[in-house]
Amino acid sequence: MGILANSGTRVLVQGITGREGSFHALRMRAYGTKVVAGVTPGKGGSDVDGIEVYDTVLEAMEAQGANASCIFAPSSSGADAIAECIHDGMPLIVCITEGIPQMSVIKALAEGARTGWEGRLVGPNGPGLVTVGEALIGISPAGIFKKGHVGLVSRSGTLTYEIVDMLSKAGIGQTTCIGVGGDPIIGTTFTDCLRLFEDDPDTKAVVLIGEIGGSDEENAARFLHEGSHKPVIAFISGRNAPAGKKMGHAGAIIYGRTGSAQTKIEALKDAGVVVVDKLWEIPGQLLGILA
Amino acid sequence: MGILANSGTRVLVQGITGREGSFHALRMRAYGTKVVAGVTPGKGGSDVDGIEVYDTVLEAMEAQGANASCIFAPSSSGADAIAECIHDGMPLIVCITEGIPQMSVIKALAEGARTGWEGRLVGPNGPGLVTVGEALIGISPAGIFKKGHVGLVSRSGTLTYEIVDMLSKAGIGQTTCIGVGGDPIIGTTFTDCLRLFEDDPDTKAVVLIGEIGGSDEENAARFLHEGSHKPVIAFISGRNAPAGKKMGHAGAIIYGRTGSAQTKIEALKDAGVVVVDKLWEIPGQLLGILA
Amino acid sequence: MQLLEHQGKALFRKYGIPVPEGRLAQDAEEAGLIASSLGVRVAVKAQVLAGGRGKAGGILLAEGYEEAKAAAAKIIGMRIKGITVREVLVERALSPAEEYYVGLTVDRSRKAVALLLCRSGGVDIEEIARSSPEAVYYRALPPNDELHPFKARRMALEAGFDRARILGIGGIIANLYRLFMGEAATLAEINPLMVTQEGKLFAADSKMILDESALDSTLEGKRTLAESKDDELERKAIEKGLNYVRLEGDIGVIGNGAGLVMATIDAIGLNGGRAADFLDIGGGAKADVVRKSLELLSEDKNIKSTLLNIFGGITRCDEVAKGILEAVGAGSLPFTMVVRLAGTGEDEGRRLLEESGMKIAATMDEAAQEAVLAAKGAC
Amino acid sequence: MQLLEHQGKALFRKYGIPVPEGRLAQDAEEAGLIASSLGVRVAVKAQVLAGGRGKAGGILLAEGYEEAKAAAAKIIGMRIKGITVREVLVERALSPAEEYYVGLTVDRSRKAVALLLCRSGGVDIEEIARSSPEAVYYRALPPNDELHPFKARRMALEAGFDRARILGIGGIIANLYRLFMGEAATLAEINPLMVTQEGKLFAADSKMILDESALDSTLEGKRTLAESKDDELERKAIEKGLNYVRLEGDIGVIGNGAGLVMATIDAIGLNGGRAADFLDIGGGAKADVVRKSLELLSEDKNIKSTLLNIFGGITRCDEVAKGILEAVGAGSLPFTMVVRLAGTGEDEGRRLLEESGMKIAATMDEAAQEAVLAAKGAC
């Protein structure tokens, strides 16, 4: 089980003939992920170690039944890759590409809403996701994961690896670990993931790794306030970061009392979440909960 | 009777506080047109010789039941005035303003199509229309018209006056005279007007004044080819104009064998239209038809 | 406003469409220097707004300083379809493996942006469109702010373009669309879009028309517009704010409204004469516009008689009459005046002109006949 | 990329948003000349990216050459929130009748463009938003290429703006939206939008942030970005392609991934230290990036120890180790190095460093403690 992807997920890799794309496509396949196709415009008809390459997403979906895409595109064409998937009704899009302009992502998602697209975008600018033992979509190092009952959702890539490594070494396995992406505008949010974990019978507890900026953590806290939910342990990084000068009044007005480490921690605590001060306290807290 | 507007049409004038707007609003009212409101943003609450002014089209429609708008706006805000009418569901928009970028008009009409607007735009860059004895919307000189049974549709303002004057002096009255506008992108076409005249019991014959460029005359000829129709007399100006260098290959490819005076004249003749060589032959031809 | 090849290519560069390396030269010497700094075989291309440059000898290949200088010396000063060549574009010559056609234009009937693609680009595209219309791919695009490259790639595939090149071609089509919308173009053509022997893509020529209504009505916009005119009088007309096009006859034409002016030109034609211009004073023109118009036509030495044809609506005939008298008063006109006035202010206008001894024609037909007779008499 | 007031106002001008007449001055003399050429009362305004300029004495009113020169002399060289003022904007001083607030920003939660309007502009807008949130008009706009002025006027009416001014205000909002979309802004504020005693509208201040991801990745874009940084080391970092922010402590921090770097800074804080910077080498960094990063930190004289914290995913610990050794080899580092390596290539990386006598911390917590101790020991 786990969420978003499993052993039945048929992944296509956009940008598969690039250096990063081919490297990670083969690593994903080595993990056991069903990597069924690649897309690189102009390279249709070739293959990457047996994975057939197509010119368009539509061709790859029709020929190989791909139902998830992992995007490794240069930043200048990342938004186009997302838009192509949305246009063709791709159920799951995992975008690794960083440096995509925010407005391009807003436009692509608005177009999806307008045309009734019912899929999900994870990222951009994230490490992707892993449903342990079933499917690895993205760039996470495969060796750190261990199958178990903790779901993890994070805005940061390396911090996720750090924590997953700690958990696995402490004997705490995971269901699905998701990096939602570090950009201001992302598809799938903390709240979306918490909702999905709520319905996953294998997940017994969730680790949430937030950071300063935006209000995704506060939104998650609001969701957790409503009704009962599985136990959540959170860590917020950036308490010692300087107050962001970037938001301007408009940001301050919209987000109001959100965005700082303090507001996030308080909101989550109010919602019954255990918020640890130190990263390395997470395994201990989890062992207490899962015991 | 006549088409598009009649004595029941309630006209609002956009840009009514400007020099042209106020001048023509009062001339229209003097003709007998029901000029029920004006719109000039920021001047709401004032009046022009008793005609109340509003800040928005919506307010004018709600307060005065306006169901047609005549736009006198500077070229830089003409497209905005059209867009405002379309947004508020105005049934008839007559746009006098010239110099509106083509793409703005294309976008406004596309937005209308997208949102299900069922109204009609006449113009931009035309003299408007007159249903003789009932409503004058636009800038045509009132004195030249005479009530009767000929409909007239033209791409040119002054040429229309010239012909209407000839007709009236020859004792030939009109139902409705429409200037569709001289811009490449216009709302209501020759074909639209011919269709409406076909259903107007008062109109016995139609005069069509075309000119070189585009394919609106050829499209009208195609419409007239289908089934029987009221008699049409046409004149095409621009036979001696130099061949347009402006269209490029793309224009030539799209319009194919259209656009020149010759192709227009041939197409109309093929559709059973009497095409006169000289403007001043129109009254004689009409007298023959109406006799 | 139609752009010269090098102006269009500057816009191509701005929007990321690859063009061959090259620069504009004002004289032969400069052309030679550009060629030697490029260090490759170059094309020396006349910069004029006339079709058929190549056939007229306006494009020559050259290598090195001497050859390029000689080629430019041949081309600069040459007249192509009546226009004198003042500048040449010197750019890297390409070896085409394939030539495509890519065009965007406003489709008046469909009220949309039309994308046209063809596998066979180059000069014969219109012939191909006529003889085998199925070879030209057509797509009406919604007027959005963007055309996604992935959609452009699919259109290129549907048009039968080489699959191996669709990444580059899709980007070029998407960028051309951005240019089209961003610069308010009504026509943007790359013909040919060249695929070199090495598989690289280049816009080898440009044809661009910008919507004059969308140019900022600033001095800057007006100057650009004026610079785009090859004809001296057309440039002056823009500076004076007049809507004027030079034609090739000997009878001046002034009227109010484009349709009326064209009909007047036709009436002259029907009577065996040829118009020297198209000059529309528009609606509601005051005396000074009429005076400026007559002054402009006075500079055209070909004009033997001038027909001024007014049907007054917003335009008042008495204002027009005042303008004529101002022009006559400022110095005698170098041509015979034939005037026809009708509509608003007709009586007052006639009175003013008749007082000064000028004759007014009764109808448009009569006016045209008189103007033709006067031009012939002056020969 | 945050813009200075005068840079933002240049964009306002480009998009037709009225700003007070004025120019930038690099020294007091120039400021005096601008004031005397304007011939009116002027505001002399420090150009720094810090809030509260006015309260800090960075904005002075003056009239004529002498007063303006004196005001500029006071302001240039002044330090506001740690930033030295290098330039002043000298512009016509306005007499406000009303001050509005107009702002556009990316709304992260709604994934939309947010328009914010308030009848009470000026410095206290945030306070107003807190105390009477109903006074701030909010509207999420779809990400189209245009916001019609008529819609903007209706929003201004809904926000309670003066009905007599909505024509101008609607145009300004629509133009600000064009700017926001056209320049890929993530924030565009006019605060205050001033209505003068004469009823004219002016953007009296600008606050603009552009999306760095949308800057062309050309040298030009990078240079603009570098120029936008007040800090010398931050400018250098951009030239070297490093993602660096200077902080105020004495412990250098380098890590891979923004979250890990922030967590490292927090770990230092929990152990009683203060970080001197945020430096993220990103994913898959090679040895040279690590070397460049250490070289950059070597230029910060405040740094007493540096903690390099790597969890290898795509990034290989052995590459990182090589980079450290290159930096050490190129010249001894002016601070104590504390290294923590985990993940991909950990064993090889440890071996390389231990061979050269460097100690590796076992955990992140231990590494933070060591770095704090080292910094304290160096005092």
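Read from first to last, the chains carry the letters A, B, C and D; within each, the first residue is number 1.
Methods note: contacts are C-beta pairs under 8 Å (C-beta built on N, C-alpha and C of every residue); 3 or more make two chains touch, one makes a residue touch a chain.
Please read all numbers here as calculations on a predicted model, not as lab measurements.
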item: Comparison of A-D and B-D (more C-beta pairs in contact); value: A-D
item: Whole-Å separation of chain centres (CA-atom averages), chain A against chain C; value: 54
item: Whole-Å gap between the CA centroids of chain C and chain D; value: 47
item: Geometric centre distance via CA averages, chain D-chain A, whole Å; value: 28
item: Residue list for chain D, restricted to those that touch at least two other chains; value: 146, 181
item: Per-residue multi-chain contacts in chain A, two or more chains; value: 107
item: Graph class of chain-chain contacts, one of line, ring, star, complete, other; value: other
item: All pairs of touching chains, each written as two labels joined by a dash; value: A-C, A-D, B-C, B-D, C-D
item: Of all residues in chain C, those that touch chain A in their complex; value: 146, 148-151, 153-154, 157, 163-168, 170
item: Contact set on chain D toward chain A in their complex; value: 2, 49-51, 101, 103-109, 111-114, 116, 125-126, 129-130, 133, 136, 138, 142-143, 181, 184, 186-187, 189, 191, 207, 209, 211, 213-214, 217, 245, 247-248, 255-260, 262-263, 265-270, 274-275, 278, 283-284, 311-315, 342-344, 363-365
item: Chain B residues touching chain D - in the complex, by the definition given at the top; value: 40-42, 44-45, 55-58, 77, 80-81, 83-84, 87, 107
item: Sites on chain A touched by chain D in the complex; value: 20, 75-76, 99-103, 105-107, 109-110, 127, 139-141, 144, 154-162, 165, 182, 184-185, 209, 211-212, 214-216, 219, 235, 237-242, 245-254, 256, 277-280
item: Chain C-facing residues of chain D, complex; value: 144-146, 181
